[in-house]
Each structure stands twice: as C-alpha cells, then as structure tokens.
Amino acid sequence: MATTTSTTKGGSRNRTVTSSGVQIVQRRDVRGGILTYAGVVLICLWGLLPFYWMIVTSFRDVGYTFDTTPWPTHTTLENYATAFSTSRGNHFGRALLNSVVIGAATTAVGLVVGVFTAYALARLEFRGKFYVLGLILGASMFPGVALVTPLFQLFTDLGWLNTYQALIIPNISFVLPLTVYTLTAFFTEMPWELEESARMDGCTPGQAFVKVILPLAAPGIFTTAILAFTAAWNEFLLASQLGGDKVQPVTVAIASFAGAQPHQEPYTAVMAAGTIVTVPLIIMVLVFQRRIVSGLTAGGVKS
Amino acid sequence: MSTTSGVVTGEFAQGKPPLDPGAKRKSLHDGSGRRAAVLIAPTIVLLAIVILYPVVTAVSQSFTKDAGLDPATGLFVEGGFAGVANYKLWLLQDCGSGAFSCPPGTLGSQFWTSTGVTFLFTVVAVSLETLLGLVFALVMNRNFKGRGILRASVLVPWAIPTAVTAKLWYFIFAYDGIANKVLGTNILWTGDGWPPKAAIIIADTWKTAPFMALLILAGLQVIDGGVYEASKMDGASAWQRFRFITLPLVRPALMVAVLFRTLDTLRMYDLPKILTGGAGDTSTLSMLVVDQVRSGFNAASALSTLTFLIVFAVAFIFIKFLGANVTEQRAPKTKKAG
Amino acid sequence: MFGKSMLSRKVTFAAAAAATGVLVLSACGGGGDDGGSATDAAAAGAATGPITYVQGKDNSNIVQPAIDKWNAAHPDEKVTLKEQTDQADQQHDDLVQNFQAKNADYDVVSVDNIWTSEFAAKGWLQPLTGDYALDTSTLLPATVTAETYNKTLFAGPTSSDGGLLYYRKDLVPTPPKSWDELMSMCDIATQNGIDCYAGQYAQYEGLTVNVAEAINTFGGSILSEDGKTATLDTPEAKKGLDALVKGFADGDIPKQATTYQEEQGRQSFEDGKLLFLRNWPYVYSLAKTDGSSTVKDTFGVAVLPGDGDGKPGASSLGGHAAGISVYSDHKKTALEFIKFLQSEEIQNDWLTQGSAAPVIASLYDDPALVEQFPYLPELKTSIENAVPRPVTPFYPAVTKAIQDNAFSALSGSKTTDAALTDMQAAVQNAISGGQ
C-alpha cells in the first residue's frame, strides 16, 4: 500500500465539494459492462455456493446426511422442526430473540459511545490522542479466549451470570475498537469547512456535529452498525460460559444441538439453524446498505 | 514507503498542530481537552472493565507457578512464585530441564510452530481478503441491475456465525464430502501437510472477505463521481483512476479494515479448532492458549501475554510503517480548505 | 475485588509460602481450603434439600423423565436439570469455571470419566467414602476403576460405552478374533474393491481412544498402575502402535482414516466402502435405519479383535459418572440421587429410550433387552475387557501427547519408534505436572 504524498495531493486536488448539479452518472463502455457482469456472476458464486450447500443439506433427511448429490434430494422440513423442537431441548426461538436483544443493545450502545469517542479523536485537539488510540486498539490484541476466566470470576462476584448485561457489556467492548477506528476514519474524512460554517451560523459544536457531520458520515455509521451487530450476533465463546439458558444466544443454542444418538453429529439441524440465523442478518444488511449508498450523496453535497 | 504516514505519526507524537490553523484556534478556545475527556471516558471505562482488568490479572498471574501435585495426598498444591519460568516454557521451550527440553507432543514444544502457522494464516488470508474485498467493493459500488442480489450474496458468508461456518466447511471438506466430489480429488483436507492449512485459509477468506468489502465500499462512497469525470477528461486510464484516485481515497477505510482483520486473524480460534482440531500443525496461538488453560491457567496467562505482545508488535509496525493511522489528516485537503 | 477473584481461582490446599506481590497471603491461608476442607464442607453440607443436576445436552430426552420420576417421589428434594452444550470441551470448561467460583448450585455434576481424577485432585469432588460410600458391587468393574483416583471413588458411574467391531457378514462369515486374523481378511476387501478397516484416527480425543486400545490390546499400557510413570517405551506398546502404523502403510487402513471421527467412519461403512469398522454401539441402530445405509441387513457386530492369545481386544472405556460437588449444600440428597440414577429402573429406561450403555452388569443378560439391542452381549464383553484411558489429573496434557505423536506416526511423518520415544517423554513431562 505505498502511497506517496504527491499521489494523495493529486487525488485530493480534484476532490472538492462539488455542487449538487454535478451528479453525473458514470457512462461505461461495453467492455466494462461485460467485465462487471462477469465479476458479478463470479462473486455471487463465491458467496452463494457454500451457502447453497448449507441450504441443500438443511432440507435433507437426516438419514441421508452425507449424501453428496449436488441438488436437493430426500427433502424434508424435519430439520427445521428439530431446530425449534423444545421437546428435544432446542430453545431456538427464544435464542433468536435473545440474539436480537443482545445484538441490538450492543450496536446501539456501542455506536453512541463509539461516536462520542470517534468525534473527539477526529475533531478535537488534545494531548495524548495517540495513546488513547493505542489503548483502544490494544483492546483488540489480547486473545479473547483468555478473557473468559477472569470475566467469569468478575461476573460471579457481581451476580451477573445468566443476565443480559453479562453478554452485552463484553460485546460492546469487543466492538468498540473497530467502531471507534472506523468512525474516526470517516469523521476525519469529512470536510471541516462544513462544520465551521454551521458554527458560524450559530450552531453549537454538538448541533453542528449532529446536523452536518453525522449525515455526512452515514455510510460509515451504517457500515459500523452492521459490523457491530454482526460481531455481537456471531459471539460464541463468552456467551457459552457467561450466559445461561435464560439469555442463551443462537450461537450457543446451535452448539447445543445434539444428534438423536450419542456421537451422532446433528449436521442437518445445524445447517437448518444456520440458514435461519443468516436470513435476518441479510435483511438488515440490505436495509442498511441502501443508507450506505445514498448517505453521502444525499447529505453531503447539498449542505 | 509511505511518506505521508511518517509525517502524520510524527505529528501526533510531537503534538504538532494540524495544518489548518483556524481549526486549531477554535479547538483551543473551546477547551477541547476537557470535552474530549468526557467524550472518551465511556469507551475507556468499558474497555477497562472487560479487557484491562482481565489483562492485568493475566499478566500478574503469569509470574505464578501452576498448581502442582502433592505426591503424598494426590491433591494439587499452590505453585508459588515462578519468576519467568512460564515465559521460558514458551519462548525457550523449556519444560524444566533447559532450553528446548519440551518433547514433541507437549504444548511447550509448539509455541514457535504455532506462531509460524498463525502468521502464515494471517499473511495469506488477510492478503486474499483484501484483494477480494477490494474487487467486491468496486463491483458493488457500480450501478447496475441486480445490485441488491449481488450485495446480499457477497454478505451471506459474513452473516453466518463462525461456529456454523466452521461446521459447514468441515462438512464440505470431509474426505467423502462435496469438495472432493466436485473437484474430482481425493484430498485429505483435514489431514496432514498443506491441505488443512489451505482449508483454513479458504474458509477464513470466504467468511471475512465481505467484512473488507463492506468497509471499503463505505470508503468508496466518500469519493465524488465528479472526480472520476474530471480525470477521465484528463485522459486517465481505468488503472490510473484506480491507482491515483480510488486507492488513495479509500486508503483510510482500507487500512482500518486490514488492521482489524490482521489483529483478528492473529487471534483466530473457532475456525481451525472445529475444522482441523490442530491436525497438520494448524494449532494457532489462541488454540494453544485454550489447551493450556485446561492444563494450567498461569502458564496460559504467560502465553496470552506473549500473544498480546506479538499482536501489539504487528499493530505497531502496521501503524508506524504502513500508515494505518485513522486520524491522519490529508494534508493537501486541509491546505485547500484553509 | 481484584485480589479476591485471583484467590478464588486458585486451588489452594496449602498456603503458598512464596507468591507474587499482588497475592494476598493471609487470605490464601484463610481460604479454608487445606486438606481438611472436604470433610468440613461435607459436614456442613450433609443436608437434604433441592439440588441441581448438571450435564451435557440431554440428546434423547431421557434425563428429564428420570428427574420427573425422582421429583414425584421426593417433593422436598426436587432436582433441577441444568443442561450444558453438546460439546465435551465446553462442558469441561463450564464445570471448571463453576467449581472455581465455588458455585453451590452445581450439586451433582455429570463428568466424562477422563475428567474425574482432575476434578478429584483439585478437591472439587466429594470422596464417596464413609457416609457417602456407594455400593458398586452390581456395576461393571471397569466403570468403577475409571472413577477411582488415589484408591478413592469420586463419582458414581451412570453410563458406559465400549468399542465394537462392525463387519460385513455377507463378505466375512465369521468375524476375526485377533488383529492378525483381521488383517489377513483384507484380501476380501481388495477383491470387492472396498477398503478394509477403519477406526477414529483424526487428531482429536477419538485418536487417543483408538491408540490406547491398540496398545492395551497388545499388552502394553500408557501409565504405570500408580499413574506416576509413563510406560510407552515397552515392546508391547510398540507392537500396538505398530499394528496401526503398518495398517496404514499397507493400505489396509485407508489413508483418509486420518481424517475420520466417529461419523465419517460410519458414513463410509454405511456406504458399503468398508469391510470392518471400529466404532461405538450407536452405529448399530443408525446403520439399520439410515435411508442411505446400504448395509442394513448385511452387517454384524463382534468384539474388538485381540492380540491372538484368545482374549478379546481391550476397548477404551467411554461413559459418564455423577459426582457430588464439595460446595453443594445438600450432599445427602445428591448421593441418593446418584444411587437413583444407577438404579436398575433408570439404567433400563436409559438403555431402552436412549440406547445408553448401562453400568449394571445384569441388564446385559436380560433376554428382552438383548432382543431389542442384539449387540448387548458383545458390548458386555467389550466393557468387561475395557481399560479406562489414563486415570490422571493431567489427562488433558497426556491425551495431547498421545494424539500429536500418534497422528505423526499414522500419517507417516514419524516412525513408530520416534513417535513412541516422543510420546513417552511428553507423557512423562505431562504427569510430572509440567514443573
């Protein structure tokens, strides 16, 4: 990633805040179009093929678990029923709800806290900034697996085992470094002059931030939200030890699936559960994605 | 390599004011130091509880011996002060009778192998992820019919929990699994040699390239279409536009993405644990930590601390030499503004 | 908070004379966890009352019905089930965390028999002696040995498991009695274009099970009787490991078996690609009923092959036991509940409803049960000749030493001799506490 100063200059010289009239749709030549679509197909295959296999397996009769026919055979909905079957001790519905609660709380609190910190880091001058950045990044350097034992002790002392906060608070801390870094990078990118002119118009720093910078940084904020939510949605290690049945998220619920026989691996049920778990996230991403793309063009250029 | 970042890092170290004098003046008048402290405090408090407290505990425990067995009672007794013995165990593979005294099959003998393979995974997987992520993001950024489907399919792998991903790939990479069937091969993907390493890298890249793509895509959104048009008129080729406009502008986002993926991959656990269980020398440092926790928490603390130091060194090099500094102000931009 | 947490994590039987500056020594000594603590705690907790039973996922929904039966009969000593995940490692870690936190809510815990001595040596399990003595006369002896550490019983066996040899009775009319005989039958596999034999040789706990079986079958052992010396430098141990290494070298064991856990071997056998398979009893019903099974009516079950002296092979012992936490407040109830789990009624239920191998010898001879589970006689022989995996508090390190080195030998990157030399050194290092 060698980037010379002159390059940056060259790039940035052109990067002025354009007026709203210059919304030019890029014209593409035919070759570019073909290349794009070839790329699109390849990328879709890359992302979807293993997922396809997951879905095929999830619909396969458990007696044909290891069948490798590439298309659906011996299809059944039984695995989905198994995933939700409370009589087999799979409280998957409750776990889904728990994961949504934990993910939403983590994202909301993480973003608010992260936005404050990122704003300070990007927009305010103060001493020791470098060390604050280092400290925050440092939180992403210790092996997560080694945090479990001390946290278990701490939360036992606090009486927090099997509570939502025991899962949400660590999750927030896990997503904060990335949140702060991403947002700081985006806030730093924002043109200063907009905020300044807002303040000349009589806005307080807070107002200027909310009215000018936040809309401008929307792509970054929504991206960060998606990343934070996904991280919380994926978290397994701490949840498996600090949580209990009441607050069990989907990752732990899936790990608890068992075959009907000892030693039997419940692949098909796990794949069914995996498919279910993936869907809400895709929907959320698609909703947020729209914001990512429209965010800057809508807010930035007009102000 | 990167003159810009060198300057910027220096800037922070020396507390040099940014190039925009106006901004600096205002900030000072606003008492921004206090304001910054208030804004940053919640983050620091949260990290202190969840990360700093366990880290301090671990570091202090790493100088204590693990409990040993009292032969008379058959019960474990307190280990006492260990000095740096727990560190020698890992760094020198010293199981008590001198350097390199840990026989193969002990955790102590595996530290350097694990470090090596962890770095291999990190370098290869993060490189592939960056490349793929960049391509994904560039394509996703284009305006064409069916963009929604593309976005969804790119993000599918990222949306599946790692524990499920690992199971999925374990299933795919079974000897009688679909991978060998489709490829027409008889590769032992979870056996010995290179295949288990390749399997882990493939699965990890599949899972996390979307993370890169998302971050880079968000970075791309900051680029104004007008810039491209102007440069096109200047006669810049597609490559030149990518090299001299796109890349520099997405660099901050790209750097954050690469930095965090690097830190995460260096601490990778679930995927190799479920996929190979460490077969074919694929035990990562985090897997080693978990195994050691089961045998003795204090030696594991030393290993965690060492892992932390390794990751820290990598991050430091990253920021120092590759310019992954997020608060880096684009000097030319501010000049223009001022 | 800081000091307290650090101390509570420590397993302190005698106060350490020297410690880091951070350690609060007085609290260390005052922790009350010296040698007599188990007895003190026992006296304090020798009461009856509601308890919690902790175990891994209740796969076949057999535990809750048993608890319901108990609760109906003991309204003042109700048992609550706490289910852990289905992954053994996590069950282990969950127990460790809760023991370290002295959680009184974990009254009776289900332990895999390889964890018992670790938990016992850490002082977490109530010794089953004196007031807590358990009658083990009806139990299969190997299941009791596995729960006995330092000549003391620490947990009551609740389920067992032993390896079986599955074979294709359409191709092999009489199953082999010895390893050599089995290998000589591999020509039949070649003639039919299938692989000959497989067990579980991926690098995980199953590899220790299989390697220990080979070594024990040929008269070797992993640890000395007192658990203080590694005994892998013997000709018997070499014969055992060599049997497997040769099998791989000759192709009698297919090379893909180094990626096999239980399920992959079962798949291969059900697909008709294997002549012989070493696996657990669970394969029986699945191979009979799985839609994809091509061997439904053409497979049989035998005991594991021996070394040729007429005795059957020495299976590694599977299964779980129930132990009483020293931190439990209702240990009397806990003990009675363990006896209840071992009762003929519950053992019978667990077998018929969940195919769990009973720990009571007599059930294996019940004609009605044998009719339902035709493999019971072979399983009984298997468990009667079974050898528990090394009973040592350092089991995690011991099994790693075996797995890593055996895997190198089986995949051909080390000779048998080199692997055993390293294994011997690593196991010895492990049981010396890594000190």
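Order of writing sets the chain letters: A, B and C. Residues in each chain are counted from 1.
Keep this in mind: contacts are C-beta pairs under 8 Å (C-beta built on N, C-alpha and C of every residue); 3 or more make two chains touch, one makes a residue touch a chain.
Treat the numbers as computed from the prediction; the structure is a model and nothing was measured.
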item: Contact-richer chain pair [A-C vs A-B]; value: A-B
item: Reference chain B; chain at largest CA-centroid distance; value: C
item: Between chain C and chain B, distance of the C-alpha-averaged centres to the nearest whole Å; value: 37
item: Centre distance in Å when chain A and chain C are each reduced to the mean of their C-alpha atoms; value: 40
item: Cα-centroid distance, chain A relative to chain B, in whole angstrom; value: 16
item: Shared-contact residues (touching 2 or more other chains) in chain B; value: 53, 57, 174, 176, 293, 297
item: For chain A, residues contacting two or more additional chains; value: 66, 149-150, 154, 255
item: For chain C, residues contacting two or more additional chains; value: 5, 9, 93, 267, 271
item: Residues of chain C that touch chain A when the two form their complex; value: 1, 4-5, 8-9, 56-61, 82-87, 90, 93-94, 97, 100-101, 103, 161, 262-263, 267, 270-271, 280, 282, 285-286, 289-293, 355-356
item: Partner chain B, residues of chain C touching it in the complex; value: 2, 5-6, 9-20, 22-23, 28, 35, 92-93, 96, 120-123, 149-150, 202-204, 228, 255-256, 258-260, 264, 267-268, 271, 393-394, 396-397, 400-405, 407-408, 411-413, 422-423, 425-427, 429-430, 432-435
item: Residues of chain A touching chain C in the complex; value: 61, 63-67, 74, 87-89, 148-150, 152-154, 156-157, 240-241, 245, 252, 255-266
item: Parts of chain B lying in touch with chain C, wherever the complex brings them together; value: 53, 56-57, 60-61, 63-71, 73-81, 89, 95-96, 102-109, 174-176, 186, 188-192, 276-280, 291, 293-297, 299
